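You will see two complexes here that share chain A, one where it goes with chain B and one where it goes with chain C.
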Partner chain A sequence: MFNIFSKKNKEKNAFKNETRPYQTKSVSDQTLSNDLHKNISIIKESFADTADLVCKTINWNGKSGFLLYLETLVDNELIENHIIKPIKQAQEQPIMEVITALDLKESMKLPDVVQALTSGFCAFLLPKSSKVTLIKVSKQNNRPPEEPFNEQVIRGAHIGFIEDLNTNINIIRNQVQNPKLKVEYITLGKTVSTKVAIMYFDDLANKELITKVKERLQSISADIIQIPGYIQEYIEDRTYSPFPQTLNTERPDRLIANLMDGRVGIMMNGTPTCLIAPSTLISFFQSPDDYNGRVMIGSFYRFIRVFSFFVTIGLPALYIAVVSFHYESVPVELLFAIKSSLEPIPVPPLLEAIFMAVTLELIREATIRLPNPVAQTIGVVGGLVIGNAVVDANLVSNMMIIVIAITAISSFIMPSTEMSTTIRLLSFPLMLAAALFGLIGIVIGFLIIVIHLCKLESFGSPYFAPFGPLRWKELKDTIIRFPTWMLNSRPKDAQAVYRTTQAENPREWDEKNE
Partner chain B sequence: MKRLQRRLLLLIPVMLLTLTGCWDQQMLKENRLIYGIGYDPGKDNKLRETVVIRSVPKDPKAGIANEIVSVNGTTIREQRSLLNKRISGDFAEGKARMILLSEDLAKIDIYPFLDSFYRDPRSPLGAKLGVVKGSVEEIYRIQQKEQTLIIEYIEELLDNEERNGTIPKQSIQTVCTQLFDEGRDFGLPLLRYDEENEGVELDGLALFNKRSYTGENLTGHQSKMMMILAEERGKNIELTFKVDNQEKENWLYNYVSVIISDADTKKNITYDASAGQFIVDLHIQLEVQIQEYASDHLYKKEKADELEKVIKERLYKDADEVITKLQEVNSDVFGYGRDLLAYHAKQLPERELHEDYFKKMKINPTFQVTITETGGIY
Partner chain C sequence: MKKMNNKGILTWWASFAILVQVQIGIGILSLPRDVHNIAEGDGWISVLLAGLTIQLFVTVIWLLATRFNSQTLYEFAPKLVGKYLGRLINLAYSVYFLSMVFLTTLLFTDILKRWVLFKTPHLVIYVLVIGVAYYLAKDNIKVIARFYTFTAIFVILLIFILVPALVSFDIRFVLPVGQAGMNNIVKGIEEVTNSMLGFELLLVLFPFIDERYRRYSIVLAANGFVTILYTLIVFITITVFSPAEIKLIPEPVLYMLKSFQFDLVERIDLLFMSVWFVSIVTTLVMYLYVASFGITTILKRKSHAQVVAWCALLIITVLFIAEKDIYGIDNYVQALSNSSYLFIFVLPLILLSLSFIRKERGK
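Up next, the complex of A and B:
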């Protein structure tokens, strides 16, 4: 009854098994011959005679060899210094000893050569030889690893991932310095190939979890997997759930902390975002700032975040319910204030709320796309001018502006953009329920959300833990944060092999406090 | 088959949401909020209901205003529909603060006026009840006392007197149990139109027997005494006694004002078989602070002791007066009937409370007074 959206199983594996001419692996699996010119023409043909494939003649040892490379992908200086110079000076040594580049290999297979050329190698071909020397001379355009602007913190490391996978792993390795940090590569995408790295602590992360992640990743068969959003949707348990089931982060410290909990990080080339699996609801409320601040302060802000979660989801709905069903529950003076602001409004409260909430989303969306100075202007125009004019024109009541503004601000408190958008989106169905059934509607709406959260799984672990299956001990790092020396075990949801993270009493010097 | 199922799946929620007949939405915007309700006897044996509606101006700067509407009708519900024809928007009594009854109506029975409130889930159970000497409409037509709306003015007045311990805290909800309780009566504040100040005056406590007003009332001072005797409110009650008879009659030296800082009451009910009478012994220990005493010299032990003694006498005299009055009108505000039913049922004639049980009781209050504080000067 519920498989309305499932496709028919016709042609089930057609795409997966077949290689189409435009895909990366379409290069014919053939060995190169001894004929130099024929080899060059085959390679050129494989590249569809692209204009940036340069073929350069270099004399070596009396023979004229050919250097093939994609000029847009290589560093000219590297070619000059590490290939051309040594070759010109060389005498009779074998070519592998002449070239001073670090990454250097030989191959006779056409697909290997083509693959290497596309990833920034240059190929040196010699007459009467089927062996091609491949030298890595790629050029990279990397921005510095700056702090991600969507996950800023006050204290703590101000470093963030960038688009280059190697640099990102380099940042992690530099901080961890542990040989057991394991990186596994998978290349995904049949047309646009993307290198994906799976990272975890070997012997700490649960074997089953690793297999599950790898299995799901490997089963992806698509032309392009360019952004983490794609991967997320390919491997997530429930795509139609409003809740994100993998934590996205651009912060190395956040990734490391999660790896230490026995989770798996999935990174890909070309994007700074890293996915963490499995994730729980509460991990979207945690920010590195919580642990850098003092216990009281960290706890306070964690509590504020959890509170704002409910405010964002429930406040507009509660207001609608109160003014259209249960105004008796409001103290009389407040009631008159609300009533006088509602008096001139021609539309029902639900429309008011939806109108304001949509306007807010418009402003948010407009400011994201525009360049910074313009975005600020839009913020002012949108926020102040529209807000004021809408009230003056009696379209929306003052109270509703206040309610929606509080809702918006509390949604932006979430350290994760995904969760912030999710909860703002969830407030709409609740508004509708409140307009139809009042407080009962809100209760039912919350019930449905809680039921959904309890049912949700992220890579086999309960999403709503430690509330879902209630684990008292793990509540230490949820609504409030306990001191670090009390957080001595890993959350159970990731099923790490070892559970304790620190000694029973890490403050051993403090005998009185034992 | 499957297509039908899919259609049903989409249809069911839509039908559920659109076809449900009863929708109890009650838009705040469309309601006229009733602020106060009053009942007077009208012409031709009808009832006259006066409601105060707090009008909410579209422009919040325009100030506050009341709208007063009166109708004549037979039943409470009929009056509702008559009122609805005279006001813009729906009649909504959910936020009423006050229900006042004219004494003529209260003398008959107050329950019929409250009945509809106990049946409606939206009714204002926290609203205050009061009895008015004269016409309620006259009071409501004052509209505003300076900058304060009439209802807020009366409410604050009653709130204040409740805090001072002059009258017991009563609302529609608290009165309900007492209305139905055979072993307990109650008192409601008695209000009066104050012509001199064009305002409202609290005239004391209207005493009720069962469901009807007896026509007698306690004065403010007596009401305070009643509160002490009833153990309802012992603390922070301010009392003034005439303790001396010097020179002129109204000379300030004659008076003392005390505030009760602590009260400890012990109640003991016994049955005197020979007289066939229940005897209530009240032993009340009071600690008082002197608020005003022009004669001064309280640092002298003899003087203080003497004052204590005089206060004690006054207290006894006043208490006796209150008890006599209560017994006269058979208004058991102390709830002794409940004690009798609970602990002395065997001694009760025919094991039930008779109409005049309270009249027949003998109540002996004894007081003990200690002056604990005399303020900054002696």
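Up next, the complex of A and C:
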């Protein structure tokens, strides 16, 4: 019986330990020989005779060397200027002194050569030598760092991350200019390798937190880690929770602010999205705009966002509960209005609500995929025509349209797309609870959500902080935003080593202040 | 992840929030009437005195718990009275805590059925209420404490709901002070004490409180807060309803709220019930947790999560069988309130004197 278990275990570990022929590490670990043509054929074989592997003969010092590169990865101009030109003019110097490219190395190992070729190097092979000179000539084609569409702000930097990791780190480094900003690379993915960068302020971010993040990242053993969504699911504490446990952002300013709190940023090559760990619920409500606007205005909008959180989750449920259970709790005038709009509707309020909410999701989903001009048409058709016709046809009451419309708008107020979808999803079970048990059902629903939030932890930090556990001092930057000079300590949930961010009284000129 | 040893993690605010919310329970809804029946207009004095009496009980428990600084009742009882008798005491306490869960759910379901969910079967309400409590109680004290610190805000909200009562306020109903006589006022204390139970959980929760704080101050503040809140509620209710009226209504607090009208919400009592639900759940969770904690210790299990599930099932079964009419419920209330003195005062006192005699002390 125990044999069965161990066998199963073996199978489980098989993927982690063995290298399949298609994976990156499958290149045989052999040293190159002195035979030039054999070397070339081995390299070509490792590349499965791909068509874009170019092999060019170049004469140097009377010997005919070979230049190997993947033409789709390299910049032709760089090869011409830094390799071919100097070689042609060269006398009897060693090859390493001739070539004028910056990134230059030598190797005798086949895997190194193959690895270099795949990352934009070109290899120069000479007869009767097992040493291969590797020269970096990779081509960069980046889009400019524009403001991300999904996280736009009114005031503040209009710059966003792009798909290239180096550019992203460059943006951060340019703004921070601090030697303590530490970047660590991990290469993930056994077949499609992706470079992942872990960023944090050394000596500020908690050591335990960093080890935890690295440990979780390094334990990932999979063929492909293409998008941050993968990483997120591999490293987050609870997958079966509707709440996102790492903050996704494409904004450098947001990342820097979080790094300054002592959190850890995880970026990867190929996507502009950056993950921030640990995150709390409230960080999904904060937007750089809050700090750029005036204190009262920032507070007002923060409050509106928290309020809209409850509206999105609870308003349809509350409406259902009131019209089907507690109609005596609304004033008579309002009751008449509701009654007259509900009178001709043949279906129960729950079905009405679900019908409208699903329609709304349909419109949203349809407009995402379509090109802009068509999307607007869909918006008009969906919003106006369906909305009007549905009421005319007596399928859904006027009141319900109002309720669902308000719910939809308030769900889009969230600065984070993930949280916005989460809360819209949560409104469905609450509608059901309201239809079954009225107000008590809503209370039970909210209780379960709050209990769940209390149970959630993101990298060892309570997710629901600073509400549960309640930390009075940290409520300064939650439902309302206090003036910047009063936010003088880092949130405890970021686990930073040093908590203070500014002097006791940063406004020293203001003597009346204290 | 689920370590049993979470001792010393509760902060001042967390322990305060837990103690307050466990103490505020189902009793307050009918308390004004119950105490008015005995002490009439002087009911609020009874509540104040009951607060003092409870402070005495709590002090005994506190003295006992501080002697065994880092041990719960379940750990030090066997040391004091021997292995088997100790286990018996532990079992008795666990059963007592479970029966508190039973009674609270029974009473709350009764009120829910009369005020909100008229047609819903008893069983469904039991499953809902106990289910929510189970979902929280199965986790460790850290998570539970997080929840309590958050829901403490609702207690403050409860006070605000009572503000509109000040409009229909008639001070003459409590005058002259002392009309019922000392005898009746003292008798009223007994009635009030039953509604303020919950502090006895300190026997188990004490070692979880962080030692850096002055732990007696927490106990004092929590009990003081509850006493003042209860006195306020009883005082307001007695002054809103005339002595003749209050005799007729079983839940004066709810009736009082029902009579208030606002422009947008006509039934404040429904809102109150919703917030009240949270208070009930907080009471249930702590009792359920502590009871299952005891059973876990007796059975020498590692994790309490499974025990909570069994306890929840057991309670639902017993609730299903139990009598649900007014007389039946009254019997349970009487039985439990009589036996509660054993657990909140007599047993702790015996254990305390034993620990003095045998000079037993925790490290």
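In this text, the second predicted complex is superposed on the first by the 504 of 514 C-alpha atoms of A that agree within 3 Å, B and C clash if a C-alpha of one lies under 4 Å from a C-alpha of the other, contacts with A are read in each partner's own complex, and residues count from 1 in each chain.
To be clear about the criterion, a contact is a pair of C-beta atoms (placed from the backbone, for glycine too) under 8 Å apart; a residue touches a chain by one contact, two chains touch by 3 or more.
As the structure is a prediction and not an experimental result, all values here were calculated from the model.
Peer 1: Of the two partner chains, chain B (first) and chain C (second), which one does A:104 touch, if any: first, second, both, or neither?
Peer 2: In the superposition, A:104 touches no partner, neither chain B nor chain C.
Peer 1: Check the residue A:342 against both partner chains and state whether it touches chain B (first), chain C (second), both, or neither.
Peer 2: The answer is first: A:342 touches chain B but not chain C.
Peer 1: Just to be sure I read the superposition right, which of the two partners does A:443 touch: chain B = first, chain C = second, or both, or neither?
Peer 2: A:443: touches chain C, not chain B.
Peer 1: Looking at the overlay, does A:406 come into contact with chain B only (first), chain C only (second), both, or neither?
Peer 2: neither
Peer 1: Could you tell me if A:468 is touching chain B, chain C, both of them or neither one (first, second, both, neither)?
Peer 2: second
Peer 1: Quick check for you: in the superposed arrangement, does A:324 touch first (chain B), second (chain C), both or neither?
Peer 2: It touches chain B, and chain C stays clear.
Peer 1: Across the two complexes, find the residues of chain A that touch chain B and also touch chain C.
Peer 2: Touching chain B in the first complex and chain C in the second, residues 325, 328, 438 of chain A appear in both lists.
Peer 1: Over in the complex, which chain A residues touch chain C? Could you list them?
Peer 2: Those residues of chain A that touch chain C are 325-326, 328-331, 334, 437-440, 442-444, 447-448, 450-451, 454-455, 462, 464, 467-470, 472.
Peer 1: Provide the residue numbers of chain A that touch chain B in the complex, in ascending order.
Peer 2: 1-2, 4, 322-325, 327-328, 332, 335-345, 348-349, 436, 438
Peer 1: For a test of understanding, state which residues of chain C touch chain A in their complex under the given definition.
Peer 2: Touching chain A: residues 11, 13-14, 17, 112, 116-117, 120, 128, 132, 135-136, 139, 143, 145-147, 149-153, 263-267, 270, 273-274, 277-278, 281 of chain C.
Peer 1: What does chain B use to touch chain A in their complex?
Peer 2: Contacts found on chain B: 5-6, 9, 17, 23-29, 31, 33, 54, 56-58, 60, 94-95, 97, 122, 124.
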